[in-house]
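Got a structure for you, questions after.
Order of writing sets the chain letters: A, B and C. Residues in each chain are counted from 1.
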Amino acid sequence: MPRMTARLFNALAVVALASLVLSPLTGAWAAPASMRQMAQVMVAAGAPLASAPVELTFEVTYKGFNGQKGTVIPVSVGQDVKLTFVWADKAVPDNSHRILIKGYNVRTPLLTPENPQATITFVADKAGTFEVACDWRCEGHENIQAVLRVTGEGAAAGATTATAITLKTATNDEARSMTFTATLRDTDGSPLANAVLLFYLEKELAGYKGQAEIGSASTDKDGVAVIEFAPSVHGLQKGGVRFEGLGRYASAETKFEVNTEHLRNFTVAPKGLEPVRQWAPVVLFMVVVGVWLTIGYVVFNILAIPRGRRSSRNPGGLAG
Amino acid sequence: MRRLTRRRFVLGGAAAVAAGAMAAAGRLRAPGEAGGEKPDHPGHKPTGRQWAMVIDLRKCEGCTTIDKPPQCTAACQEKHFLPEDQTWIKVFEMEHPDGGTFFMPRPCMQCENAPCLNVCPVAATYRDESGNILVDQDRCIGCRMCMAACPYGARYFNWGDAPAPDAQTVFAQRSPDYPVPQKRGTVGKCVFCAHETEFGKLPACAEGCPMKAIYFGDLTENIATNGKEVVILSRFVAENSGYRYKEELGTRPRVFYLPGHGQEFGRKSI
Amino acid sequence: MSALAMEKEQLNTVVLRPVLGVPRTYYVVMAVLLGLVVLAFVAWVNQLMNGLAVTGMWDRVSWGLYITNFVFFIGISHAGTLISAILRVTQAGWRRPITRMAEVITAVALLTGAAMPVVDLGRPDRIPNLILHGQIGSPIVWDLISVTTYLTASLIYLYTPMIPDLARCRDRLRGLVPYPQWKVYDILSLGWQNTPEQRRRLSRALNIMMILIIPIAVSVHTVVSWIFAMTLRAGWDSTIFGPYFVVGAIFSGTAAIITAMAVFRRIFHLEQYITIKQFRLLGYLLGALAAIYLYFTLAEYLTTGYKLEEGEKPLLEELMLGRFAPFFWSFAIGGTLIPLFLVFFPRTQTVPWIVAASVLVNIGMWLKRFVIVIPSMGVPLMPYEWATYHPSWVEVSITVGAFAGFMLLFALFARLFPIVSIWEVEEMLEEGGEEAAEQPRPVAAPAFSFAEGGEGGA
């Protein structure tokens, strides 16, 4: 019964693959240790061991990396990273992909059936969260997304001191703008200085949602960062302020909602011509009418010529 | 017989001038603006948006590295069934002042002080509520004054017949928002995909750009998106030293450029 | 007095001879011209059927020969205004034998010129839109208004001083010409009997018209220039384009008049009335205008060439040294400098040389219009190469047809109506043919008597 065996094998493979993909999300690896990447990832998740390289291989299809969307690749600062991408889009044979790691600005060549495999290597030299995605117009574009999470030295998974942001908003004089005052503290209540806070609004345009940055500021010694916010529309504005994490301090985020209904004097996009010109056409029009009336008067005189005829007499005209 | 005397003539003339002046004051405002007339186009609903575009030249590499013709142009021509030589958005390879080159896509700038709109004799070119400069191809007389006036060369004339669109589009009614199929003997230009944006979609070029270099946005809400991230438009432009092309002409374009030479994707300009 | 009567009689005979009959060559020439016009129509129909794709124009050079011809014909239409109106206002007696010709040139050139933008339109079927949806902010609409006004005014201005001559035709040619033709004279002469009341009316109409037509004519070519100057293109973005074009128009108009004078003098045997005096005086005028035009050209190119704004540099390079240099220097040297020399140098102040100068100016001014329109279209506004332009056979044959049509209409007019103003020349004869014409007379050289009283009455 070779067929049955094959099916069983397939099922097992699927389970294994699924667990591989899901495991980084849960932070632990439960899959059998048959896969080579495992060791490195374990290292990355544990104590920092910067020299060990991370090597991973992904099959790219219209369903995503290894058939999944949103895989997280955890790496520590200073690690060598070697990522291999293999075109595997059997279902959509003319689909092409090109994988870009944004922020590191490394990108594979175009992956096609003719040129199915590419490896990119780089050193994870800066901390942060970086998008790994196809930047080609392809089928299933939205699925081909993963995240490279490079955690800073000492800030690796375990080393966390939780932080929290408190936010105060105030309307400025003349009600033209608002001030956002955010304070970053750790769990002990002591303020964090020199941390960068990012303020954003939740915006949506043409069906795309995103966090549009409205400003960023560093905290002072009291952990306070201030930005001025000049909204462009009236109404409820949703947004947030975010701390990306620094050293042993974990990231934090606080959402806010403000109503800008009471603000005034928004900048209105200018539209159209200057009013300066608007009377010129009227003057032109009157000149034209004047000229035509004069012409009319001339015609009136010419048409009056027959009335000046002598009734009898020899019609000699000028010659007579 | 009532004779046309001089007195009557003068009085009648004065009355005509006065009436004409009043009519002129009411109607003969700046062309294509409020007060002037605008062609109706069916199915239009005002969005309250004032569309603008930000093109991040750091991300544009003219599609040279992928060995394809510029994908923004391709997407636009596909969407509007344009002949090959009508490049409503065209990618230019520009000389960099410091040497080397960079790529610059040029859509219609949708100028706030649009030279083309000012010179149109029949108001076929007009500005819609969202600030898009559109051409009513059912009114255009084909004098091509607008083409002479446009300092960006963004206007194209239908010298012959445009390629026939597919069956699905044949049934679409041509409107200034979506001038398909193009009418022979009239002028066509980038319309910021007005038929799509008013229903909450991105223009074809922004969707088509593989580098996501084209941000489409709204000056009223002050946001823009390239289909991947959403930014505050004015802040995005200011922080990245954005500029407008041929700013010195005073046309006040609604297309902003962020200087660069495709370096975000590793393109070397020099 | 009988000598004067004989002179008058001879004048009438000479001037009215073409109306009574023309040699066979006339019909041959007419047939050739008509053939060229028909060819142009065929070309135009072809263009209407296939769109402007049949022309050499394209998106980068979207205006070509048609617009060049438009500017050229509108330019020579200024002949009538200048010779007739300005000389009439200044009461220059020597103008009299040539006013009619000048006025005909104006009307015919305007008709031809006005046809050119229509041919250039992509959708000539939508011309009513200019009225229905006209936007008064557009230079095209200014042009429409201005050219229409000028055409109307110049037709009136051609017709008004023709009324006494039409009456002459009516009286003298009865039975000598086909009845319909005679009937036309009869209707158009408006029952003219040279009564004081009629003279008063005529003189008032003429007085107003000769003043009014001058600003209208100036406005026409100013507005034509603004079609170019209202854009941001290199070479067109100029503040002096209005006066520059007006001077150019009067310049080429004067040249056109001299050429026409020479032609009609020869074929209609008018040597007795159109003498070296007319040629020499008009030659002086031509020379003076050449000098002014050179001055404007210098002012235009020096100011832009000094600063070399972006876009101006490649334009000037191509114009002065590049592919347009042959046209430009042909205009500058052949079209202005050489004629300037010819008309002022005493040895060349003869009819053939002055006519040669005028022909040179005509050609030079057409070239000038060409290098105004085409290079500014071809200059790269974006980082392009220079755009090239090769007129197609359609454009060339329509251009040839336009010139043929111009001559055809002119010749047709000369066949049907007296090409010399008989009554005005008669007055000249009465005054001994000298400059004695300066004393004001009720009909011929009226003082600006808008007032009702005084001389009229009846």
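What we mean here is this: a residue touches a chain if its C-beta (ideal position, glycine included) is under 8 Å from a C-beta of that chain, and two chains touch if they have at least 3 such contacts.
Quick caveat: nothing in here was measured; it's all calculated off a predicted structure.
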* Structure fact -> By C-alpha centres, the chain nearest the middle of everything shown is B
* Structure fact -> More Cb-Cb contact pairs, comparing A-B against A-C, go to A-B
* Structure fact -> Chain-centre distance (mean CA atoms) for subunit B and subunit C, in whole Å, is 40
* Asked: In whole angstrom, how far does the Cα centroid of subunit A sit from the Cα centroid of subunit B?
  -> 25
* Structure fact -> Distance in whole angstrom between the CA centres of subunit A and subunit C is 64
* By residue number and range, which residues of subunit C touch two or more other chains? -> 136-137
* **Shared interface positions of subunit A, touching two or more other chains** => 277, 281, 285, 297
* subunit B, residues touching no fewer than two other chains -> 24, 28, 30, 118
* Structure fact -> In the complex, the residues of subunit C that touch subunit B are 50-53, 55, 57-60, 62-63, 117, 120-124, 126-127, 129-130, 132-141, 144, 227-228, 230-233, 236, 377, 381-384
* **Of subunit B, residues touching subunit C in the complex** => 24, 28, 30-32, 36-37, 85-86, 90, 92-95, 106, 115, 118-124, 139-145, 147-149, 151-153, 155-161, 184-187, 249, 251
* To do: Under the touch definition given earlier, write down the residues of subunit A that touch subunit B in their complex.
  => 98, 100, 105, 107, 110, 135-137, 201, 203-215, 232-233, 268-274, 277-279, 281-282, 285-286, 289-290, 293, 296-297, 300
* Asked: Once bound in the complex, which stretches of subunit B touch subunit A?
  -> 4, 9, 13, 16-17, 20-21, 24-25, 28-30, 33-34, 50, 66, 71, 112-113, 118, 127, 131, 197, 200-202, 208, 210-212, 216-225, 227-232, 234-235, 252, 264-266
* **subunit A - residues contacting subunit C, complex** => 277, 281, 284-285, 288, 291-292, 294-295, 297-299, 301-310, 313, 315-320
